[in-house]
Each structure stands twice: as C-alpha cells, then as structure tokens.
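Paired with chain B in one complex and with chain C in the other, chain A is shared by the two complexes that follow.
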Partner chain A sequence: MEQSKLVLKTKVTTLLKSPYIQYGLFAVLLSILPMLQEIGILKSSEITILGSVMVYSIAALGLNLLLGYSGLASLGTAGFMGLAAYTTAYFVQDLGLPYIVAFIVSIIIPLAIGIIVGFISLRIEGMYLAIGTLIVAEILLKSFTQFSDITGGGIGKPMGYPNIAILGQLTKNQTFTLVAIVLVIFMILTYNIVRGRTGRALMAMRGSESAAQAMGINILKYRLITFGFATIFAAAAGVMWISFLPRIYPNDWGLTVSLNILAIIVIGGLKSIWGTLLGSFIVIGVPNLILKNIPIIGNIPGIPNIFTGLMIVLVIMYYPYGLIYIGHDVKKWYRYIKNYIQKLTNKKNNIDEVGK
Partner chain B sequence: MYGHLPLFDGGYKMSTLLQLLFSGLEIGSIYALATLGIMLIFRTSSVTNFAQGIIGMFGGFVAAAFIMGAYNLTIIMVDNNITLPQNERWIVVFVLAFLLWYISNLVIKHTTLNKWWKLFLPIGIGVVISMVIYFILPAIWDTVARQLIIANSLADTAFISIVIGSDLTETVIKVFTVPDSSRMIFTYVIATLVLLMLGQTLHKKKFEAWKAYGISGGIGFVYILIQVIIGNNIWSVTLLALTTAIIVGLLIDYFVIRRAQKVNPLAKQIITMGIVIVFLGITPMLFEKVLVGADPISIPKFFPSGAINIAGASLSINSLFNIIVGLIILAFLFWFLQKTKWGLAVRVTASNPQTARMMGVPVKLVTLGSWAIAAMLATLAAIMYAPNVGILTPGYMTSIQVIAFVACIFGGFQTFHGPVLASYILAVVRNLLIFYGATILNFFLIRVQPDFGSIWGEQILYILILVLVIFRPYGLIGKKIVKKV
Partner chain C sequence: MMKKIVETYELAEGIVLDIKNLSMTFGGLRAVDNLSFQIKKNQIYGLIGPNGAGKTTVFNCITQFYKSATGEIIFENKNGEIINLNKVPVDKVINQGIVRTFQNVELIKDLTILENVLVGAHIDFKVTLFEEVFRVGRVRKEEQALRDKAMEVLKFLGIDAMKDFLAFGLPYGISKKVELARTLMSNPKLIILDEPAAGLNDTESIQLAHLIKEIKDRYQCSILLVEHDMRLVMDVCDQICAISFGKLLEIGTPKQIQQSKIVQEAYLGRTDE
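And now, the complex of A and B:
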C-alpha cells in the first residue's frame, strides 16, 4: 500500500515535470480567468490588462529567441506587430475576408520583411543590428502614418472581436481564451525550437560564430530561421492585439513598445520561457493592476514607467540572469543556511560527546 | 492626374536649391550636436546611448516649464486660488537635494586632486549647490506655504491660534504668503546658512572651502539677477536647462554607467534603454503642471523674427544663429579633442580604457566629463529643435535620436568626424529627396504623383542607408575591425 502510494507520487511528479503538461495546465488556468470575471471576482478592466500581458508575452517570446538564444538584438518588434495588426484589420474590416485567412496573410507579409532583415543581420551585428532594425521599424511607422486611407491615421483603426468560421462571433472573454490558446501554442513552439537541432545551432552561434561555422553550422540558414521565427511571433502578437483591443493607432507601434518588450525579457530572464511570462506580468501587469491601486503612489503620473525603468537598470546590474532564477537562488540559500545550521549543531554535539 | 511636374516648372531654380541647403544645414547642425554626444559616450564608456534623445527632451521640458512660467522659483509666486497639491513632489525634490549633497561629499573624499581640479571642482560643486539652494529649496518653501495656507483655510486656524497665539500665527502665515520681496530675503537667509554649513564641511576636508562658498554664492546671485532683470526669457532658460543637463549627465554616469562596468556589453546598452523609460516616467511627474495646463508646451525661437536674403533665398536670423552655434560648438569640441591635453585623454580613453588607466589617464573623470558634455549637447539640440516641432510631447526627440543613430551607422563608429559629417549630409539629402523625389523619378521616366517625395522621401533615405550598410558595414569613413577568434 505504502509503496504503491509512493510510486503514484513519483509518477505524478515526473508527469508534472513534463513541460507539455505544464503548458496544458497553464492553458487551463488561463481559461478559468474569464469565468472568474463572469462570477464577479475579476473586473473587466483587469481581464483587458491580463490579455495585453499575454499579447506582450507572445512578442517577447519571439524576441527571446533572437536576443536570448542567439544573441541578436532587435528593436523592430513593434513595427512588425503593427504591420500584422493593420494587415488583419484591413483584410477583415475593409475586404471582408475570413479571420483565418487574414491571420495567415498577416503572418506571411511581415515574415517576408523579417527575412530581408535576416539578410541585413549577416553584415552587421551587436548594437549596430539593433539600430538597423530600429531603422526598419521607423520606415514601417512612417508608412503607417502616411497610409491614412488604410490605417485610419490619428483616428485609429477598429476591428472588433474576431468572427471565426466554426465558432461564430466571439465575445471579449472568448477572445481572451483565444489569445491564451495562441500563447500556449507559441510557448510549445518555442520549447521545441530551443530543444531541437535549431536551438543547439543557435546557442553554438551565440557562443562563437567562427567555432559554430567550423562545426558545420550554416550561419545564413540559421540567421534567417531565427529572424523568420521572431517575426512570426511578433506578427501573431500583432494579430492578437488587434483582435483583443478595440482600436489601434500609428503611435502604438513606436520605440516605447519595442523597449517594453525588451524590458520584459531582460527582467524576466533571457533564455527562459516562464521567465518571459513573469517579465511580461511584471512590466505590463504590475504597474496597471497593483501600483495604480496603492493610495498615494498610484496617483502620481509616470510611476509605471519609473518602476519598469528602474527594474531594468537594477536587474541588469545586480541580477543579470533575470528574476525567474530567484526561486533557484532562494533554494540555494535555503540549502546553504540549512547546512550551516547543521554544521553548528554537529559541532555542538561533538563537543558534548567529547565532554562526556 | 499627375499635374505640373517641378522639373518643367523651374524646379531647379538656384534660389530653391539654396533654400533647401539652408534648412538642411540648420537641421543638420541639430543632428550633428546629438550625434557627437552619442559618439563621445560610445567612445569613452563603450555604451551606445539610447538615452541621448530623452536627456535632451528632459532639458527641453525644463526650459519650456520655466519659460511658460509654470515654475518661477527665484521669486516665488503663490496663486490666489490654491488647490491641494496633486502629489508629494517636494519629497522627490528633497531626496534630489540630499543626493547632490552626498555626491559632492563623495567626490571630495574620493578624488585625488591635481592643480586644475582644485580650481574646477569647487566651481562645479558650487554650481550644483547653488542650483539646489536657489531653485529647489524655494520649491520646497512654495509647497510648505501652500500646506500652511490650506491648514489655515481648513479652519485649523482656531487650533493653531489657541496653541501659539493669534499674533504668531498671523506672522507665520504672512512670512509664507506675503509677496515676493520679503520671501526672497527669507530664502536668502536660509541659503546663506546652508552655504556656511557646507563651507565648514568642505573646510574639514582640507578643501579650498571659501572658493566653493564664494563662487556658488556668486552664481546664485547671478541667477537671481538674470531672473529679476530679464525674467524667464529663452536665454536665461537655456542656461538653466544646460546646467540641469550637466547634473543629469553626471548622475547617470556616477550612479549607473560607472557601476555597470562588469555587465556584458549588450546588456549595457539595455541599461540606457531602462534610463529612457525612467525619464518617460519622471517627465510627466515633474512637469505635470505644464502638461495638464491649458497652453500647449512650446519653446520659442532665439530670434523670433528677421531674415536676410541671399540670392533669392531667405534665411531667417534664427536659422543662421542655429547654423553658426552648431558650427562653433563642433569646431570648439574638435579643437578640444585634437589640441588639448584633456582632449588627448579623451582620445586615449576612447581607443583603449584599460591601457589608458595604466598610463595614468583619469578614465573615470573623462567618462564623467563626456556624459556631462553629451547631455549638454543633447539639451542644446532639443532646445534648437523645439520650435520646429511646435507642441512638445515626451517623445519629441525620438526622431532626432533615430536619425543620430542612422548618422552614426552611416558615418562609421570609429571616428568622431565621420558621423558629424554624415549628419549634415543626411539632413541635406533628406531635404532634396523630399522636394525633388518625384522629379528625379520622372526624369527616369517613372511616372509618379508630385507629392511622392514628401510621402516617401524619408523612407527611401532610410532604405538607401540600409543598402549602404549591407555593402559597407563600417560606414563611410569607418575602418574594419579585425576580430580575433
């Protein structure tokens, strides 16, 4: 009896350690949130904030593939998100095409540009590459402002919640679930990319490009793959953004959003999927959900930005691997203290024995 | 449909070309100032400074706030219709004042001073302290006065007068609420006391205390004179904004960049992005009064009117002033870098900080100085650029930042003169593309609409630069860096 219980326990723990099960549980957890709103525990505005946390997480996962796993900095994320969002809105709202078709097209168009950026990345690297992608984003941003026929200019472009063929018109809470499902799909995708041949190649390239080349890794191919994936992630985030939030403006896609996404992965933890989610919650969720409700501080304008900025600076300076590793460190400290106390007690016991 | 084409419309008139050249040069000098700041920081502390534009923006907002009369701190004005203070701004101000005092003490403690620094450091500290005393402390008085008046109006008067007697209460309220002159005297007395205290502290460190004391008092007096005699006009406000910029630059280097030496190179740049976000938060906090107010935030031109005519093209005095100021500052900085001992120190630090430190170059001071200078350059660029924008928002320097980066890539990160040259070229070419874009394409028999240039000019310029980067990754004048495996 005892033994079978133990076996069951180990089975459950191994099962829980499997990332797919974890992601599945996470999806279930996320889809409970809209139900909580319907009961009245969560406010509708809080659902909106949590939804944008998830949208940001999707884009940040893509940037994590670039910066975390392959060491390529990019500041063009917001531009690609905007391109995808506007494409979706244009196809659904103006041309009346089905949502799924619009989704696919709005991923393919940014992907083409992303691959061109991949070619650029072969020639320049480090911060030069970041500036190069910043230029690409700036070109896109200028175009959004200029094409006011399609983008609506300063008035903004509305789309409304998506109407999917089988499911029909979605409500806000159903769209939230849709975003959650997309997020979990992309988490699984990231996990597979990173654990597979591509991920190993990327990490080799990150360590030393020349060494990677000597080992027979095709740099051109993997650079293009990385940029392609990062763009797909950003584009999906853009599509989810326009699906979940009511209206988009050209200024939504400026440098600030790119910086926020960068902040997310730096604060949460490079090279970590859960870290990205944590970072996204800290950067987007905490200022809006928690800081705004604190009595005196909440009324001061600009507090969220100061919080995020200081977090970036402090985390980089004093905790360079990201906040996700804090649990790991706490365990280490706990073990260290436990050992220390044990040593002390042992010593005392020894002394007692000698005394006897 | 295609209307008149500028090519057949006399578009190549000499005067038009000159006009484009002039405005290109004006914008170019603004770009060049920002670019040189980025280059200075990049070379001396190996950080690509994403915060350059935002530091400039902060300076610009300081200037705008003062010129719009939102803060008029030397002569404190208490409004007649006082409302409760929106936030606890004075806490921030107080913390800032304390930090400044702490820094000056640290600087004194940790620097081994040579002949020149014995002279310059007191002046620097004097400037900082006098800023605190003459600009920030009055802000605190202002808030205290508001609190007292509120207390008064909230019928606490009865309580206070019972406790300390009605006469005294009235006196207290008078001191805080009476108009300008007597309050100024009050401020002066407190200021002098603080200076005296500071002089004592400095003296204990075997420092030439009287110099700091005298100079800071003098500078404060000059500030007050400027404010009283000519008021909040663009010149005095620019002076103030530049001083603020120096402080901001020093603070950033001392508290962040210097402590991040061991961070990996990529993360260092992300720190500056963090600083950008912090400033995006601080600005609405400090300048809430201006942002919420009815008037749009703006900075006037140095010379509001007047123009001269050169070969049919008109060049406004303000543009001429901007061009000349840009050129003078650039010339001075290049002379400084090439010909002086400190310039040599900067160049040595730029080429290799470790070796420079071993050779006895004060690397820390050099980086501190370059941050201060870069912040000043950014602020000057921001104030010069502000009239072109009209209504200022916290993001108004982003485009300058982006273009300055483009200029750095275009000119190559290895020299100081490459990016500066590139920023002038960029500005002029951008103007030409915007104006002649359609004409050029029509010349090659590609029919486009006449407004093609103004819509696509900038994007085409950026694409051209990206293409150039693919073929010449190290810029126009850059050298190839040999990588060791």
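And now, the complex of A and C:
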C-alpha cells in the first residue's frame, strides 16, 4: 500500500518535470483567470493588463531567442509587431477576410520583410545590428503615421475581438484565453527550438564563432533563422495585441515598446522561458497592477519607467543572468535555514541527554 | 551550351592530405612561405617550430579560417573524392572529414559537456528545421541515437561520469578531452590538434600520448598536431615537419628531426665557432 503510493508520487513528480506538462498546466491556469473576473475576484481592467503581459511575453520570447541564445541585439521588435497588427486590422476590418487568414498573412508579411532586413544587416553585429534594426523600426513607425488611409493615423485603428470560423464572435474573456493559448504554443515552440540541434548551434555561435564554424555551423544561416523566428514571434504578438486591445495607434510601436521588451528579458532571465514570463509580469504587470494602486507612489508620473530602470540596475547588479535564477538562491537559503534549525534542535537534544 | 568545367586533382596512393606551395601573408609579413608536405593515411603527423613559426597559420589555412592563402591543399574527402580545400567554405570543411581543436580550448560555456560533444555532431542531424520546431517523433529518435553515440565517445575518453557538468571552469585536462570528444563525433578522416598538451601536467601528457594513438587506431584516421612538448611529439608522431618563419626546415622521422642540424639551429641558435 505504502509502496504503491510512493510509486504514484514519483510518477507524478517525473510527469511534472516534463516542460510540456508544465506548459499545459500553465495554459489551464491562465484560462481560469477570466473565470475569476466573471465571479468578481479580478477587475476587467486587470484582465486587460494581464493580457498585455502575455502579448509582451510572446514578443519577448522571440527576442530572447535572438539576444539570449544567439547574442544578437535587436531594437526593431515593436516595428514588426506594429506591422503585423495593422496588417491584421486591414485584412479583417477593411477587406473583410476571415481572422485566421489575416493571422497567417500578418505573420508572412513581417517575416518576409524581416528576412530581407536580416540578410542585409546580419553581416554586422553587436551595436551596429541594434542600430540597423532600430532604423527599420523607425521607418515602419513613420509609415504607420503616413499611410493613414490604412492605419487610421492618429485616430487609431479599431478591429474588435476576433471572429473565428468555428467559435464565432469571441468576447473579451474568450480572447484572453486565445492569447493564453497562443502564448503557450509559442512557449512550446521556443522550448523545441532551444533544446535541439538549432538551440545548441545558436549557443555555440554565441559562445565561440570559430568553434561553431569548425563544427559546420553556418553563422549567417543560423543568424537568419533566429532573426526569422524573432520576427514571427513579434508578428504573432502584434496580431494578439490588435485582437485583445480595442484600438491601436502609431505611437504604440515606438522605441519604448522595443526597450520594454529588452528590459523584460534582461530582468526576467536570458535563455529562460519562464524568466521571460516573469520579466514580462514585472515590467508590464507590476507597475500597472500594483504600483498604481499604492498611494503617493502611484501618483508619480512615469512610475513604470522609474520602476523598470531601478529593476534593471538591481537585477544586473545581483542577478546578471536574470531574476529567474533567484530560484537557486531561494533553495539554498531554504536548505541553510533548515540545517541551522536542525543543528539547534540537535544541540538541544544533546544538552538534554547530557543533563540526564 | 556551356559545359561546367570541373577541375580534377590528383593525390598519390596512400596520401590523405597534400599541401602544395602554401603561402600566406599578413600585410608585409609572410607567415607561411611556400610550404609543402604530405600526410599519409593513418599517420600521426607532427608540425613543430619555434614560437611564431606559422604553425597555427598553417592550421587555419587548411581549415579555411584564412581564405586568402595561395597554393593548393589537396585532400581525399569522406566520400573518396579528391578536392582542393581552398574551394570549400569554412563551415563545410567538417563535411569533407577534417575537424580541428583550438589552441585556447573553444568550448561553449553555456552547454553541458554532453551538449558540447553533440555540437560536434551538428552535421549528422538529418531532421529539417520544421520537423525540429514541431518536434516530431523522428527528432527524438535521432537526438537519442546521437546522444548514445556521444556517450560512447565520452566513455572512451573516460569522462562519461561528468556528462552533465557545464563546460565552465573545468580543469584544463578535462576541457581538452571534451574538445577531443567533440572532434570524434563527426567520424573524421583527419583530426587537427592545435597544441593538445599545452597546460597539461606530465602524467596527463603521457595519458594524452596513449590516447592519441588509440584514437588513430580506433577511428582509422590521420592526425596532424602542433605541439611544443617535444617528448610528446617524439613519442607519438610517425613523421614530423619542422618549420621556422613559415619556411620548411626538414621533414623526417622523429629520430631524423632530433639529429637535424638545421632544426637544432632554428631552436637553439647557431654557434659561431
């Protein structure tokens, strides 16, 4: 009886260790959140913020592939997000095409542009690549303002919640679940990319270019592959953004968004999927959910940026690989405290015995 | 219609690599000057010379890290075709059957030892990127097969117990072994070792000498090595080529090299008596 219980327990723990199971459970957890709103535990505005956290997470996962795993810095994430968002809105709103078709086209167009940009700019590296991608993002940003027939210019472009073939018109909470599912799918894809041959090739490229080349890794090809992935992730995030938020404006796609996404992975954790989510929650979620509700502090203008800046400084000082690695330390402290308490009780027992 | 002209190269029987009149200049400096030598199949070949003689440059020319070398590097590749390596891009050299180590051990610090060795099997993966992203069954199977192969190599080198250690802050001897394991993953025809014994202590050097011979026998490949540890060189090499300032001094067996007047002069200087 005892033994079968033990077997079951080990089975459950090994099952829980599988990342796929973890991601699946995470998806379930996320889809519970709208229900909490319906029974009144969460506010509708909080659901909006949590949705944005997830949207940012998708884009940040892509940047993490680029910066964390391959060591390439990009400041163009927001531009590609915007491009995808406007494409979706244009195809659904103006052309009346089905949402799924718009989704696919909105990924293919930024991807095509991304690959062209990558082909030109990936021969340079470091700072210059960041500048190159920033230029592309600024060009896109300028086009969003200029082509106001399509983008609505400063008035903004509405789309409304998606209407998916089988499911029909989604409500806000259902769209939240859609975003959650897309996020979890992208988490799984990231995991698949990272743990296999491609992931190793990317890390080899980052660790030692000459070793990578000697092992048959084509540097330009793999840079292009990651850049392509990062663009797909950013595009998917853009589509989710327009699906979940009522209206988009050209200013939504400025440098601030790209920098926030950069801050997310720096704070959360380079080369970590859960770290990316944690970072996204800290950078996007915490200021809007918690800080704004604190009296006095909440009234300071620009508090989210101050908070993000402070977090970057602290994290780089104490956890240069990201806050997610605090987990190891927590375990260490736990063990330390446990040992300490054990020692104390042992000592007491010894004294008692001597006393006898 | 134009016919594609395919240049054909010739290689004498039993030779795997033939370097013909190799020259490499950096600005005004002639690092390698009209150097020629041949490596036979299943031979351990030593390249020696004083500091700055251009040994590593020769390696970089063979493995195509330096592209502007003149001369010909003729090689019989894995498929038995005879090719000029100068026409092969740097990241395709391993496909031909040449793999190298580096003077300052180039391991990937973010990866474990096992994963580092798997990087060496990069070209052996047949799955497409698409299959990999969606991790179909074939991906798992292939990964498992190559993992098993990597474990075999690690066992052969005696470091299988450390497979899950990160390749960061490892003792020098272990790092060198991991790098060796990485080269063995691709079933090479020619392994190029850049100072394999640098930083090793005496016992480790002796072990390494045995290991190099064992690798040659087990994998049926040729080995070209640059080394300053003369005891190791004299112990393991079948043939040695001594160079100085990029120029050939002498080619011969270890004994011949030891007795060569020119080599002694290059290392120790001339006595004007």
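Before moving on, here are some points about what is shown:
Criterion: the second predicted complex is superposed on the first by the 330 of 356 C-alpha atoms of A that agree within 3 Å, B and C clash if a C-alpha of one lies under 4 Å from a C-alpha of the other, contacts with A are read in each partner's own complex, and residues count from 1 in each chain.
Just so it is clear, a residue touches a chain if its C-beta (ideal position, glycine included) is under 8 Å from a C-beta of that chain, and two chains touch if they have at least 3 such contacts.
Because the structure is a prediction, the values reported are computed rather than measured.
Contact with chain C, but none with chain B, is seen for A:213 once the two complexes are overlaid on the shared chain. In the superposition on chain A, A:255 makes contact with chain B only, while chain C stays out of contact range. With both structures placed on the common chain, the touch criterion links A:266 to chain B but leaves chain C unconnected. Judged by the touch definition given at the top, the superposed model places A:197 against chain C, while chain B stays out of reach. Judged by the touch definition given at the top, the superposed model places A:124 against chain B, while chain C stays out of reach. Counting the residues of chain A touched by each of chain B and chain C gives the higher count for B. When both complexes are overlaid on chain A, the residue A:309 reaches chain B alone and has no touch with chain C.
Using the contact criterion defined above for the overlaid structures, shared-chain residue A:301 touches chain B, although it does not reach chain C. Contacts of A:138 after superposition on the shared chain: chain B is touched, whereas chain C is not.
Applying the stated touch rule to the two superposed structures, the overlap between the chain B and chain C interfaces on chain A comprises residues 208, 210-211. Interface residues of chain A facing chain B in the complex, by the touch rule stated above, are 67, 71, 73, 119-120, 123-124, 126-128, 130-132, 134-136, 138-139, 142-143, 146, 208, 210-211, 254-256, 259-260, 262-263, 266, 296, 299-313, 316-317, 320. On the chain B side of its complex with chain A, the touching residues are 48, 86-88, 256, 259-260, 263-267, 269-271, 273-285, 288, 291, 395, 398, 402, 405-406, 408-409, 413, 455-456, 458-459, 462-463, 465-466, 469-470, 473, 485. Listed in rising order, the residues of chain C touching chain A in the complex are 63, 65, 89-95, 99-100, 102, 106-111, 115, 118-120, 122-123, 125, 127, 129, 132-135, 139, 143, 182, 186. Residue ranges on chain A touching chain C, taken from their complex, read 189, 192-193, 196-198, 200-201, 203-204, 206-208, 210-219, 225, 271.
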